[in-house]
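Listed next: structures, encoded as structure tokens.
Two complexes come next, and they have one chain in common, chain A, joined by chain B in the first and chain C in the second.
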Partner chain A sequence: MGERLMDELFVGKSFARMDKDKVIGRANFINDITLPRMLHAKILYSARPHARIKSIDTSKAEKLMGVRAVLTGFNVPEVKVGFLGDQTPLKKDKVRQFRDEVAAVAAIDEDTAEEALDLIKVEYEDLPAVYDPIEAMKPDAPLVHEFDARGKPRRNNLLPLPWKLEAGDVRKARESSKYVVKDRFSTQWVHQTCMGTSGGIAEFDVNGNLIFRSVTNVPFGGKDRLDMFLKNLGLKGRSRVLTPYVGGSFGSKLDTDIYEFILVLLAWKTGCPVKIVFSRKEEFLASPPRQPVIATVEQGCDSNGRLTFRNIDMILDNGAYTSWGATTPSVMMIPVSSLYRVPNVKFQATCVYTNNIYAQAMRGYGNPQATFVIEQSMDQLAEASGIDAIEFRKINANVPYEKTPMDLKITTCPMSECLEIVEKRLNWSEKRNQKTSRGVGVASFLHVGGGARVYLSDAQGIIMKVDDEGKVTVITGGTDQGQGSETIIKQMVAEATGFRPEDVSIFQGDTEVCPWDVGTHASRHAFITGHAVLLAGADVKRKVLDLAARWMPEMIRFDLSKRARKDPNFQVPLLDFSPLMDTNNLELRNAEVFLKDDPENKHFRLPVAKILRRAHLVGTGKGEMVVAEAFYDPPNEMLNREGKGNLSCCYTFGAHGVEVEVDEETGLVTILNYVAAHDVGRAINPMLVKGQIYGATVMGCGYALTEEIQTNHGRVMNPNLLDYKILTAKDKIPIDPVIVEPIEPSGPFGAKGIGEPACVPSAPAIVNAIYDAVGVRIKDLPVTPEKLLKAIKEKKAKEQ
Partner chain B sequence: MRTFDYFKPVCVEEALFLLNKFADKSKLVAGGTDVMVQWKKRIISPVALISLRNIPELNFIRMNDCLEIGSATTHRSLELSADIKSKFPAIYDAVSNIGSVQVRNSATIGGNLCNAAPSADSAPPMLVLDTGVNIVSSDGQRSIPIDQFFKGPGKTVVQPNEVVKSFSIATPPENTGMAYWKHTRRSAMDLPILGVAVLLSFDEDIKTCVKARIGLSVVAPTPIRARKAEEFLLGNVVNEASLDEAGKIAASECSPRTTIRGSDWYRREMARVLVKRVGLISTERASHFSKLES
Partner chain C sequence: MKRSISFSVNGDTVQVEVHPHWNLLRVLREELELTGAKQGCGEGECGACTVLVNGLPINSCIYPIMEVEGKDVLTIEGLASRDGALHPVQEAFLEKAGVQCGFCTPGMIMSAKALLDANPDPDEEEIRQALAGNMCRCTGYIQIIESVKHAAALLSSIEQEA
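Then we have the complex of A and B:
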């Protein structure tokens, strides 16, 4: 499958995005949906970071005209939710962070619901709080949770998730290393900042089944969690998840969030559809961002610059509850063990409860944090051993077809090629070590590129049907969050079946109809869908050609004789129909069937629409249809107890190189040149691949320079787009995306995933470039002008 | 539910009548880019919102002996005015860097100044231009210099029964250069960490300073002038060294706060650096203009 098909018509071409309805404002997002009898929900969040709830008085809110329900932990069943079951949707005994959901209102409109929130009086009794994960690890720290999900008393704030990975002998390798560097780095909370905020609509039908309109990118996982919630509430119904258009996810819509359970409770209590859409402020305050880490890194190399060992210890601020953020160490292990060839590896990650906001998944899933610390340490080690930073990376670069200490089986791997591209396009040798306020820096990455078996399944189901208009409908369990999957699915389906992209339509977003899928995460959508498309597409093609072989001779004869009847001058040609009767001689392309060896033969060519119509309308009770299905589950492995296993079918590599200019008087950093070289296996649609690279790189630059959720004693201080600074179109970053195509044998059409990786190496590349420019290393993200100026001043003071 | 009555007077007289009627229960609104945000955040809850959008006599840019700008003139109109760009580049620098084009199409210069944010972008250039603020009420008209206009964060001398009608700016003398610099962390949709405007008028030699104005934002409860630094430059030869000294003096006149947007030390440091830099741009512009004129 990995072989480049010689005569591909649609794959590898830059088709423009086909979801035009978004551009003209006709796409329906959750915001646009209104149902009959629908109510609007608002949630009251905690006013304290850590406190006992003494009482909640909802009497005034309940009496407000237009209010249909006021719920608190005291009038709904106590059902535990979340990955570790460490919270209930509405908090009853105590609050553990400012975003704790204390009460919820459903009313006839948003304003009334909001007014009702003002009328709810909550009495708190403050408890000592802890905001620093290192403080929270101390034996005398206040307990965020006194009991675990099973009711067992807890003695400390550590999560029962001891992430560990060990390969080789780090202690011995350290002793034999020529150069060793050790340092400590930290990263901040950053928010996914999707254009579309969180939201949903819950309603129960007359049979007590839940219909949930959701922004999830994991419809079936979400359905599972909702079904479990219904069961635990004592309800008999089942759930159906519908996903309309979604305005971005970047991981934020991976877990079923608390507001979604609250919507179910409100819909259940009121018997009406209930909707919520977060304001931007709520989105910043109550939707979980990327996990911050504090990391200690130690690395060594021999006299030739070969890595000898890597030892990394991470502390993750888990916040008050547990969502997917706490599982990001499973992905951190990939770069920790396998970014560059390092024989001896030790990794440990500790997640600690605090009274801060908690974290979820975000693009890269732990990889940006891990790569940030590894790639700075790589620069430090290169400097210690006196080797150029790119040369040092090339010495240690991953190579094709090698097993890493984590048992990842690398297949194609153009890491050195990517480094060389960066070296050349940045004009590295001339620009490096100039110490003129300008500098260049580099960072590489690897990431899963062929799915990721984080559950027992990594599969996707797909159904294709061909109708008698000659059109293909694809019914898939996957979702689109805006990445453009509709366009590439149509290209791949057209390629696999012999139809054209415009003949293909996609149906998705309904768990009642669509076949099962794990979810659109881990950069897996194009890869897994591509394989499912190839399987089902081949079946579709086979079935169409089979019908053609049986019907075409008769249909062509009939057409010719009809023509002869109408046109007396027309001579029915003498034709040998026998080649048509063997499917092996037939080809399907552009939605037409013709003879493979004689494509110019104008008689032996029929549109699929005609053939299907004939097959449907046979008149004898033996009609046939063309429907094919596939359930593709890739041959990758779950991690074993030691944290090892071949998580993905293939891994994607790349390198980012940046040239920066530092204003040494103001601390402002300007990006002068940015080369992003990416191994994508094969670009299904080069323009959309570049779109992914641009978007993710800008996100990575924001991570490096401007983005940060600022907190003060657990309270988010900048819940708005003015003070949470994502970069804008006017911050022109001159990104030069380079697509490297080694054609991946395990990939559909040779492709690897590209959804996440480009936001992984930006921050370390930029920080390394700043170091090259001004000789100071910022170890704590983001690099604000203040931090940088302070460091520059300190350095200058020391030098004097 | 929170509501307000919305009035759209068509002349200043009608606006003043409504102001008298609703007094302190009313709020004037022009572009709405500040007022509506404050309403949503529940900082204000007026009974009557009186819009100045549809009053032609508040929306104009007039260049005669002096420049007069109607208070409800949008930033975008100022940005697109060739006269403003060529003759009052400090105003252009300021108004062309506020928010986004969409914001500038709505937001007005009067609104920006009357909102009296310590970070108001248009304040430093208006300060260095010795702008006169023309205020009307049903009792008559008064005019006050802009350096007496601001009273504190969100506070001005404008009384509840008054409307700011226009701004008068004298044409600067020959051999004058002016500029405004907005120090931000990104290129659009941002507030300044610090805003600096400098106006320098020179002798014919384009060296000796005969008039100096330095306006700063975000370094005090109101936009301020750095008068000691101005005094230092007056009569002095302007060059990098003297501007560096002026920067230091200006920094010493600042009393910035530490907020999530920036620390006090950083803002003071930026005042020092940017007064020098904007002074150099102004000097360059003065010499550029004198060459053009000669």
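Then we have the complex of A and C:
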């Protein structure tokens, strides 16, 4: 499957994007959908970071004209949600953070719902709060949760998720190391900041089934959680998830969010469709971002610069409740154990409840934090051992077909090649160690590239329906968040079936119709969909050729005799039809069936649409049509109790190299050159692959330099796009994307996943470059001008 | 108290009953059902709501509706020709992958159109300046800039043919 087919027509080419509706204003996002009788919801959030709710008075809000329902924890069943079951949609006993949902209103329009919120009076009794995870770990810290989901008393703020991984003997390795470095690093809260904010529409049909229009990128996981919620509410219906266009996700739509359960409650109580779309402020305050970590890293190497051990301890601020953020250590383990060859590894991560906002998934899922700390430590160790930073990485680079301490089975691995590309294109040897306010830095990464078995299934189902007009409808459970799957699916289907991209249409976004898929996450979509397409596509092709073998001789004879009837000068040629009757002799390409060994034979070539129509409309009661299906579940493994296992079918590698200039008067960092070398297995569509590299790299640069959710006693202080600084068109980053294609044997058409990785190495590469430029290392993200200027001044003061 | 105002949208004259405190985006989306322009922030920061008023790009989410009286509004829905043929800017955004999730796209395309109307051959800095008020989280802007350059080339070749 991984072999490159030299005569591929569609895969490997930069087809233009095919989502035309987005450029004409006809792409419907949640925001754009209005249903008959639809009500609008608003949520009242907590005014305290940690407090008992003494009373909630909703009487005035209920009386406001146009209000249809006012819900609190006191008038709905108490149903726990979230994967640790540590919250209810509407809070009753106490609030644990400013984003706690205290009441919800459904009204005839947004203005009325907003007005009703102002009329709700909540009385709180303040409790001592804790905002620092280190403080929260102390024995006398205030308890964020007094009881766990089962009602068992809790004694501390630690989550019952003891993330650990150990391989080899770190203690012994440390003793035998020639050089050892140890340091502490920390990262900040950052927000996915999708351009489309969160939202949804819930309604119940006449049979009591829930129809939920959702921005989720895991429709079937979302459906499971909604079904469970209905069951726990005592409702008999089942749910159906519809996914319209999503205005970006970057991980933020992986879990079913609290507002979605609230919409269900409001739709249930009112009997009407209920819609919510978050304001931008609400998006920053009440949608869960990427969590910060505090990491202690120790690494050692021998006299030749070979890594001997790595020991990392992480503390994650979990916030007040638990979403997927708490599971990111499972992905951190990948770089911790397997970024570069390191025989002895120890990793521990502790998630701690605080009265802060809580975290979700975000592009890279823990990998950016882990790689940030590892790659700075790598630079420190290179310096300690007196080896050039790129040379040091090459000495320790991962190699093809190695098995790592985490039991990851690496297949293709062009890591050294990527490092060499960075070295060459950045003009490394000339630019390094110049100490002229300009400097260069590098960081590598590895990430899952062939799905990730984080659930019992990592599968996707696909159905291909071929109609009598020669059109292929692909019905898939996968969803798109903008990466361009509608374009590459058409390319891959055309390649696999022998039809053309313009013959293919895609139907997705309806759990009632589409076959199951685990969701668009872990950079898995192109990889898994590609395999499902290859399986179903081969079946389509086989079935079409079977029809062709049975119908083509008769059809060609008929056409020839028809022509002879019309044209007396036409002599019907004497043809041997027997080769046509064996499917093995036939080929289907570009929507035409012809003889494999005689493609120039103009008599034996028919448009596939014609054959399908003939086979369908036979007039005898024996018509046939072509439908194929596949359910592809990759041969990867779940992690075992020790945190080991081959999580993905393959892993993707790369290196980013950055040249920066630091203004020592202002602390401002300018990126002069940025080389992003990426192993993608094989680019299905090089232009779209570059789109992923560009977008994720710029996101990574924001992580490094500008982005930070600032909190003060648990309150988000910058919930707007003016103060939360994502990069804009004015922030020019001259990215040179280099696509490396080792053709992955386990990948569909040789491809690996590429959605996440480019945001992984940006921050350490930039921080390493800043160190090369001015000799100061910023260990706490982001590298704001203030921080950098302070560090430069401190360094200068020390030197004097 | 609602008031009646009249203006042109995509070449059609419309008369709408509005509250004077409403903004143009609300009227476009909710009263006229032109949902192409998006609300990304409601504060004039992200540019997803960009439309052209008398040819100039504005953030319609903070543009007071009473200011629109008698003016010409062009939205993304009015950019393609009536027979459905895409405007070169729209075509270029597909060809050069200036589109990903599509939420910023209508605003981005309208800002690009306004730029190219005023400056048919912008350099990269001029494009970056013109799009500074249109945020995008997917693309990192690079393929958007390539799209605008490509649109400029398409427009200039159309002009040469004419």
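One rule holds for everything that comes next: the second predicted complex is superposed on the first by the 800 of 800 C-alpha atoms of A that agree within 3 Å, B and C clash if a C-alpha of one lies under 4 Å from a C-alpha of the other, contacts with A are read in each partner's own complex, and residues count from 1 in each chain.
In this text, contacts are C-beta pairs under 8 Å (C-beta built on N, C-alpha and C of every residue); 3 or more make two chains touch, one makes a residue touch a chain.
Computed from a prediction, not measured in an experiment: that's the story for all the values here.
In the superposition on chain A, A:Met687 makes contact with chain C only, not with chain B.
In the superposition on chain A, A:Glu115 makes contact with chain B only, while chain C stays out of contact range.
Of the two partner chains placed around the shared chain by superposition, chain C is the only one that A:Lys22 touches, whereas chain B remains out of contact.
In the superposition on chain A, no contact is made by A:Lys602 with either chain B or chain C. Contacts of A:Glu665 after superposition: chain B is touched, whereas chain C is not reached. Touch criterion not met for A:Arg565: it reaches neither chain B nor chain C.
In the superposition on chain A, contact is made by A:Thr728 with both chain B and chain C.
If you count the residues of chain A touched by chain B and by chain C, you find the higher number for C. 721-722, 727-730, 732 are the residues of chain A that lie in the contact sets of both chain B and chain C, per the superposition on chain A. Every residue of chain A that touches chain C in the complex is listed here, in rising order: 16-29, 31-32, 192-197, 245-250, 279-280, 481-484, 687-688, 690-691, 694-699, 720-722, 726-730, 732-733, 735. Looking at the complex, you find that chain C touches chain A at residues 29, 34-43, 45-46, 48, 75-77, 79-80, 86, 90-91, 93-97, 99-106, 109, 124, 127-129, 131-132, 134-145. Those residues of chain B lying in contact with chain A across their complex are 1-2, 183, 185-191, 193, 260-263, 266, 269-270, 273-274.
Within the complex, the chain A residues that touch chain B are 111-112, 115, 665-668, 705-706, 710, 717-718, 721-723, 725, 727-732, 784-786, 789.
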